Amino acid sequence: MGTTQKIVTFGEVLLRLSPAENRKLSQAKSLDFFFGGTEMNVGASLAVLGEDVAHITAVSDDIVGDAALASMRQYGLDVSAVQKVAHPIGQYLLEVGSGMRSSQIAYNRLNGSFANIQPETINWDQTFEDAAFFHWTGITPAISEAAYQALKAALISANAKGLQITADPAYRSNLWQYGRNGQEVLKELVGLSTIFIGGVNEINEILGTSFELNQEGFIAASKKLMTECPNIKQVFDKIRTGLSASWQKIYGRAWVDQTYIETNELEITQVVDRIGTGDAYAAGLIYGLLHYDAEKALNFANAACALKHTILGDVNLVSVAEITEVMQGNTGGRIKR
Amino acid sequence: MGTTQKIVTFGEVLLRLSPAENRKLSQAKSLDFFFGGTEMNVGASLAVLGEDVAHITAVSDDIVGDAALASMRQYGLDVSAVQKVAHPIGQYLLEVGSGMRSSQIAYNRLNGSFANIQPETINWDQTFEDAAFFHWTGITPAISEAAYQALKAALISANAKGLQITADPAYRSNLWQYGRNGQEVLKELVGLSTIFIGGVNEINEILGTSFELNQEGFIAASKKLMTECPNIKQVFDKIRTGLSASWQKIYGRAWVDQTYIETNELEITQVVDRIGTGDAYAAGLIYGLLHYDAEKALNFANAACALKHTILGDVNLVSVAEITEVMQGNTGGRIKR
Amino acid sequence: MGTTQKIVTFGEVLLRLSPAENRKLSQAKSLDFFFGGTEMNVGASLAVLGEDVAHITAVSDDIVGDAALASMRQYGLDVSAVQKVAHPIGQYLLEVGSGMRSSQIAYNRLNGSFANIQPETINWDQTFEDAAFFHWTGITPAISEAAYQALKAALISANAKGLQITADPAYRSNLWQYGRNGQEVLKELVGLSTIFIGGVNEINEILGTSFELNQEGFIAASKKLMTECPNIKQVFDKIRTGLSASWQKIYGRAWVDQTYIETNELEITQVVDRIGTGDAYAAGLIYGLLHYDAEKALNFANAACALKHTILGDVNLVSVAEITEVMQGNTGGRIKR
Amino acid sequence: MGTTQKIVTFGEVLLRLSPAENRKLSQAKSLDFFFGGTEMNVGASLAVLGEDVAHITAVSDDIVGDAALASMRQYGLDVSAVQKVAHPIGQYLLEVGSGMRSSQIAYNRLNGSFANIQPETINWDQTFEDAAFFHWTGITPAISEAAYQALKAALISANAKGLQITADPAYRSNLWQYGRNGQEVLKELVGLSTIFIGGVNEINEILGTSFELNQEGFIAASKKLMTECPNIKQVFDKIRTGLSASWQKIYGRAWVDQTYIETNELEITQVVDRIGTGDAYAAGLIYGLLHYDAEKALNFANAACALKHTILGDVNLVSVAEITEVMQGNTGGRIKR
Amino acid sequence: MGTTQKIVTFGEVLLRLSPAENRKLSQAKSLDFFFGGTEMNVGASLAVLGEDVAHITAVSDDIVGDAALASMRQYGLDVSAVQKVAHPIGQYLLEVGSGMRSSQIAYNRLNGSFANIQPETINWDQTFEDAAFFHWTGITPAISEAAYQALKAALISANAKGLQITADPAYRSNLWQYGRNGQEVLKELVGLSTIFIGGVNEINEILGTSFELNQEGFIAASKKLMTECPNIKQVFDKIRTGLSASWQKIYGRAWVDQTYIETNELEITQVVDRIGTGDAYAAGLIYGLLHYDAEKALNFANAACALKHTILGDVNLVSVAEITEVMQGNTGGRIKR
Amino acid sequence: MGTTQKIVTFGEVLLRLSPAENRKLSQAKSLDFFFGGTEMNVGASLAVLGEDVAHITAVSDDIVGDAALASMRQYGLDVSAVQKVAHPIGQYLLEVGSGMRSSQIAYNRLNGSFANIQPETINWDQTFEDAAFFHWTGITPAISEAAYQALKAALISANAKGLQITADPAYRSNLWQYGRNGQEVLKELVGLSTIFIGGVNEINEILGTSFELNQEGFIAASKKLMTECPNIKQVFDKIRTGLSASWQKIYGRAWVDQTYIETNELEITQVVDRIGTGDAYAAGLIYGLLHYDAEKALNFANAACALKHTILGDVNLVSVAEITEVMQGNTGGRIKR
């Protein structure tokens, strides 16, 4: 790979619509909107941190697709390889909860532009030419056969190129409607990856195991995963405690080099936006792995995730300096003049 | 039918999204939204005028569908027979033009909740129990086989009940993707209707004729239509001249009782919203036919259509008094205190 | 009453105006508005929960009254018996506090449309035809002689029909300007009711007693109330602790069947809107009494009240499923996809 | 009067509420608001032009009254003599029309703070100490007996001080509900004034005459008015032609020193706000009479009125320079950098 | 000084721009704006409390300067002595933080209208004619030589008139670019003042000492300050603990008459706006010193400061009644009807 | 130049702030904002049309500069060579006029980041490596000596590379405060350019001539310009007639190859935004010259300019298809579905 640090992300871009002020749709004055999607969020957060990132996806060949491209460019993403197809871009309507009221999401994505991506027209070898990292999640292979095929081709190419491959293989049961078995597919694709972002629940889902959620369970599950998927060299997890939709606590833990590491817990007492906080963790982790050792990377990921709770929208708009300050314990919120 | 005047409308309800202030999506601050759809617009406009109207449709079984129902209720529509299905509600993104810049629409409707309506569960005979009018448009049979089957069943039942049936059979070439031939279907369904809302273009499309757009052509086309579809007893048309997206002129003409009638032309120099102006014409016409003779009904329809250009959203929110004043030539906009 | 469960509510509808973002009026960018009123809030919350509810009131015969009707219809209320009168609809201006800063309200209601309701034109017997519940509050008889007369007639009719009658008789000293003695009137009207929603303070106000606020005082006061007003069979109270305008705790308690029952305390750390939380409690209680036993009804009421603090506006827009989840202790705010 | 030019205005301050974007209330996202009122608008417009103006009124003794005072101060009005009373401030809800759709207003003012002003506590002699002009309109004596008494006392004092007194005595038939005869009162009060702002319609209303609207009728009516009310020395009128709510034409005419004068007609093709345009005319006239001769004053008034159509809100926020430019025919709208 | 209580404040007025909803500028829908500045905030907060306050500053001679004047008038400030100069008004862009994310400010003030104030044209003797208090801060002499000269002239005049002079001499290192030494200047100007608003950090900065932050250090520092600057008779400090940008605690302490006094700590769990909270403390203190003894004044200042955290914008819009209630421990946020 | 078509633009990026709804700043609810500047507008409009464009400028090294970069990226501009300097980004406050009321602008740009650009650090030879066009305007050399030096260096390099150089040398008298003579500088820089965008006024300003505005004057002035500045091969002008701020007419004319060409006049009856319309003309012209002959290019430029009047913000967001349609006379504003 040489000295390059280009990162490639691949996944659906969705139009997120939500009423402001915790309103229900029936009482909304208008709808805020953001373009996002778990993999694009990771890519855009990394671009905001100053990294060189290309996002691969398919958008609609209409005014909505044009706006999605403009949004991605604004974050600094390289969109030169994005496809335009004749299907509407996927979207979701989000009613933002508060306190004990959960947020609710209604999706409209199953026959959208990304589900109709054309795998054969993506030149993965060229895409990965100068790349160091490839990031994927379990959403992509759950959307459609085409999306699965495109991802599998990407992983094969990325392996051939020797990239680090981060897998965030969350299983979403309300997807997977096109026919394939989610568990089998995810296991296959994790097998083609090198870094696992997830914990006991995700490993149990993929391997059909039943490890416990505590530290011992996490270590045992990580070992089992590395046995089943020997390409996987590191497991990074994050533990979230939700006191309410507005008040959350998180910390990170990892199994790296046969060693368990863990961060302090960070507390967010006024959540501005919970969407994309997991993606901020993944982006922080990739940034950290590019620039720091694994322990500092884990702390950077956890601080990035915590800060994302204070940012509206899907993408983490904070700087390396802001994350570093939180890592160092400066969370008192002094005004920066 | 006795003395009752209940009206039934049937068709897709869409979530309309649009940036305010003539903005492009890429520069929008947020999205205004309205629930509408050509047939619902007709029904809601009639409900606002004080009529008793039921709208039949299928919405999504989620928070968006709930909001669609609330919106229909707000206009005064009876929604007790609306279906809830497990598909997302259709929608469109509208960039509102201005002056010489056209409005642009991106649709996302082809696999939505209305396309997946369940025809067999609609009890049309009960729906039409106290009804005087049934209104449909050419959009509905263009959406899906299920929508076509439901409409056809409605028309058969409405005929059996002796209702007046208004057909607004505009042909939209970018729909009709489910397999049937639009021209054949529309001709079949117009044959089951009694009042044709449309003009030379619509007749030419359905009959495959090539009448000219002038008065003679309109009369000849109307006569031909009545020959081919002998149920049709009246033809009501409206002629629009667009000086720009912001400046429009309209007048109505009709062929009724072997007589040609025509209204004055009304001019709208500052269009607030062009969407739903044709539906306001149809609603005004149905209101007029319920309360006035054909000529006054045509004038009422034309005035209603003109006034709709000054109302934001899909539905015509003006009163009978406001329409009547415009019919009488009072268009100077004095403040009503 | 058979198997029907129709509910009737009666009371003033007010236009609520308030700046967003905790702004003072002098710095407001614009005013948010909602139509509400304690009894309408109860009715609308029940309609949102799926109940069949009619609200009886008088609105202004102008564009504001039209909008009030549209708003009530949107919630699903039956407004077919609402009067239109030639007086402006009442209103209030609300500056929303935060933290240690209290919200402030300026009313304009004393000579509005509801104060000028025409009691003689309400057909209560017909209104109560299929009804199971009638709900009133102490605001109504405090507005005007006409409002008092209409309410008294309602209670007499409701008693004759055998309805359950919920009384929420809070005494507001800055009303009661038309001449009658509030204490006497409230006692008379509670005497015509079957379920008392209130606690020690309300009982002391009505009976002129001085019971203490603790559990013993509540039980003693309830017993005394049932002695004085033997129609009353149940007393439901809620205890609120305000840490600040933004942070509140509530729990419910009741005296039912000679038994004291009490709920857990629920905590709201980020209040979105406190207006209408008491009405949400009353609506939850009525829903609960229709579907559950008294203890579960009390828990449902308390959870509904807590959730209302997370909803903007006067009406509780949450679903039975959301309330049930909070009753079961799931208050961590997980996203519902 | 010496060299001072202080101006005193007297009249109700109303809270104006209106949906933006020509929306109907039932579809409004929020309500824009302004404090205004015909006489305050005149005073505030003069203050914006740099004059020293005191406005006398009564506002509510609550948060709304506080905001009204802040708004008046912002325009530069001296509010040191404003009363605070325990009645809500009057208000109106405005749905802004467009094109052929008229604006509609619903008032709520008949028992507000200004109607309950305390005439005996106003020290008019002190108020007029340094004043050159006093301005009143026909709205004030139509509100309540108290308002009438206060105005009459003001006129007697102003006459004693030798002020110029501008009367804008429009007759509003939906006011005058407190018992007095509008025609008689207005004639009495015009008799105590020196400058009449109005034309044939207003003179006919007051004198019970039936002059025609053309130039000859205007001159004859003016002469008759000066005969009946010999204090009146000048009559200033403006002629408005409404092509639609959005497109208006105006010109001024006057009968001064036995001479007829007339301005060019100015055309406003995109009305931003019609409310307060008559008040802008009156303010422009008073400014003109303070600084120019009658003909230039009339032209200044007409240009001020025309420019007000481009300003949102009740008050004319344009500068002397901007009015002067329009007077000079520069209406092409070049950007001022 | 007699019985008058006029207060004079002097300092830069800035245009503050900030995205709503904690947004970053790159994702802002629009910018909220307020005119403020530390000394104007003190003056405006005092005017809102009912005091007679004149603010002296220089604004731009353009439409922005006009709006600044209107804003100051709205708060009730006397702006008759404000200069208009041909330089743009200073401004800052504020991204409002949340939780552990700090707010960030980008200034644009170093060559603005206040930096270009004309010291020689201010008539301080006339300005202080009826004044009891003059307030300044360490920002002013840090802006430019002209601002320093104007302030020094003011202090000399105020001393001659025997005013109380409150100094809030915070040292901002990123200002002071025009050449003078901040420490020396501040010491000189504090020497011309009578009341010091600040604590150990501020004293250490000015005197070059290194007292500790605890109570003993505060007392020792205050004594040292009074030795070095014998005009200073009282020192008022406030201690802030930031748990996060959204959660703050504050209490006041003072050294007055050789006595240490201290308030209770107040906690703000949901900060609406932190800008201007120190200015609210100073305003509360001046109000308190005018009306109460030093201990009550300190408590009033601390309560005013706490309440300001709940008010958007730079100026404290709360009333004496609201502050008094918080002083008395009523922080539960009951609705005021 | 080969087949490449890269375009380079160079100039200041300003933060534009303006109240919505034609409001004055003193009554604005919030401020809309856009990043723009005449040369960046040209570049961004070309990027939106699909061209490969790099913009060279200097922005502030703070959160405002970051947002400026994000905005430029969103339009598709290559910003890799933008400088970050420690001065605030320039800005202007725009009050948008309407009808006969002119827009007003207050600038704050004279000591901003672009004025402090570092000419020596720009590698023009590298920047122009693959470029075909370089565009500059008369604003740049008017800002500061540094800006002038940077531009002159660019022109020398561009000439050496044989680029087409478009000059839009409008003279703004309120700039040019750093010492150089505007007329001399502009003549020098036009002498280094190949295409002149401007007409009689601009030529007269630069050459000190006094040609008349009619066709003959334009031809004579163009000939004179080509004599004085022999590098100039083409002159493209546009004639604007302002009926009001809201109603404008434009047509283009040119002197190319010793031939006079002229377009039809296009009329905009409802101007959405006039800012950037001249830049849209320049961008349309450059696009046209890259793809069409001079006459078609002129028509494309005129249509692009007309359409820009319907787009909010500084940049022309229309597509080649939309411009082409207007060129072909389709200005009726039909909805594009």
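Per-chain residue numbering starts at 1, and chain names A, B, C, D, E and F are given in the order in which the chains are listed.
As a working rule, a residue touches a chain if its C-beta (ideal position, glycine included) is under 8 Å from a C-beta of that chain, and two chains touch if they have at least 3 such contacts.
The chain list, named the UniProt way, goes like this: A, B, C, D, E, F = 2-keto-3-deoxygluconate kinase.
What you see is a predicted model; the values in this text were computed from it and never measured.
Novice: Check every other chain and keep only those touching both chain D and chain F; list them.
Specialist: For chain D paired with chain F, the chains in contact with each are A, B, C, E, in label order.
Novice: Which is it for copies chain C and chain D: same residues on both faces, with over half shared, or different residues?
Specialist: Here the answer is same, because the shared fraction of interface numbers exceeds one half.
Novice: Looking at B-C and C-E, which pair shares more C-beta contacts?
Specialist: C-E
Novice: Using mean CA coordinates as chain centres, what's the chain B-chain D distance in Å?
Specialist: Going by mean C-alpha positions, chain B sits 45 Å from chain D.
Novice: For chain C and chain F, let me know how many angstrom lie between their CA-based centres, rounded off.
Specialist: Computed from C-alpha means, the inter-chain centre distance equals 62 Å.
Novice: Just the number, please: Cα centre separation of chain A and chain F in whole Å.
Specialist: Each chain reduced to its C-alpha mean, chain A and chain F end up 41 Å apart.
Novice: Can you list the chain A residues in contact with two or more other chains?
Specialist: 20, 24, 26, 29-30, 32, 70-71, 74, 104, 107, 269-270
Novice: So in the complex, which bits of chain B are touching chain F?
Specialist: Result: residues 21-24, 26-27, 29, 97-105, 107, 172, 174, 242-247, 269-270, 274-275 of chain B touch chain F.
Novice: Which residues of chain E touch chain B in the complex?
Specialist: Result: residues 29-30 of chain E touch chain B.
Novice: If you look only at chain E, which of its residues touch chain F in the complex?
Specialist: Of all residues in chain E, those touching chain F are 17, 20, 24-26, 28, 30-33, 60, 62-64, 66-67, 70-71, 88, 91, 93, 95, 104, 106-108, 110-112.
Novice: In their shared complex, at which residues does chain F touch chain B?
Specialist: 20, 32, 34, 74, 266, 268-270, 272, 306-307, 309-313, 317-318, 322, 325-326, 331-337
Novice: Contact residues on chain E for chain D in the complex?
Specialist: Where chain E meets chain D, its residues are 70-71, 73-76.
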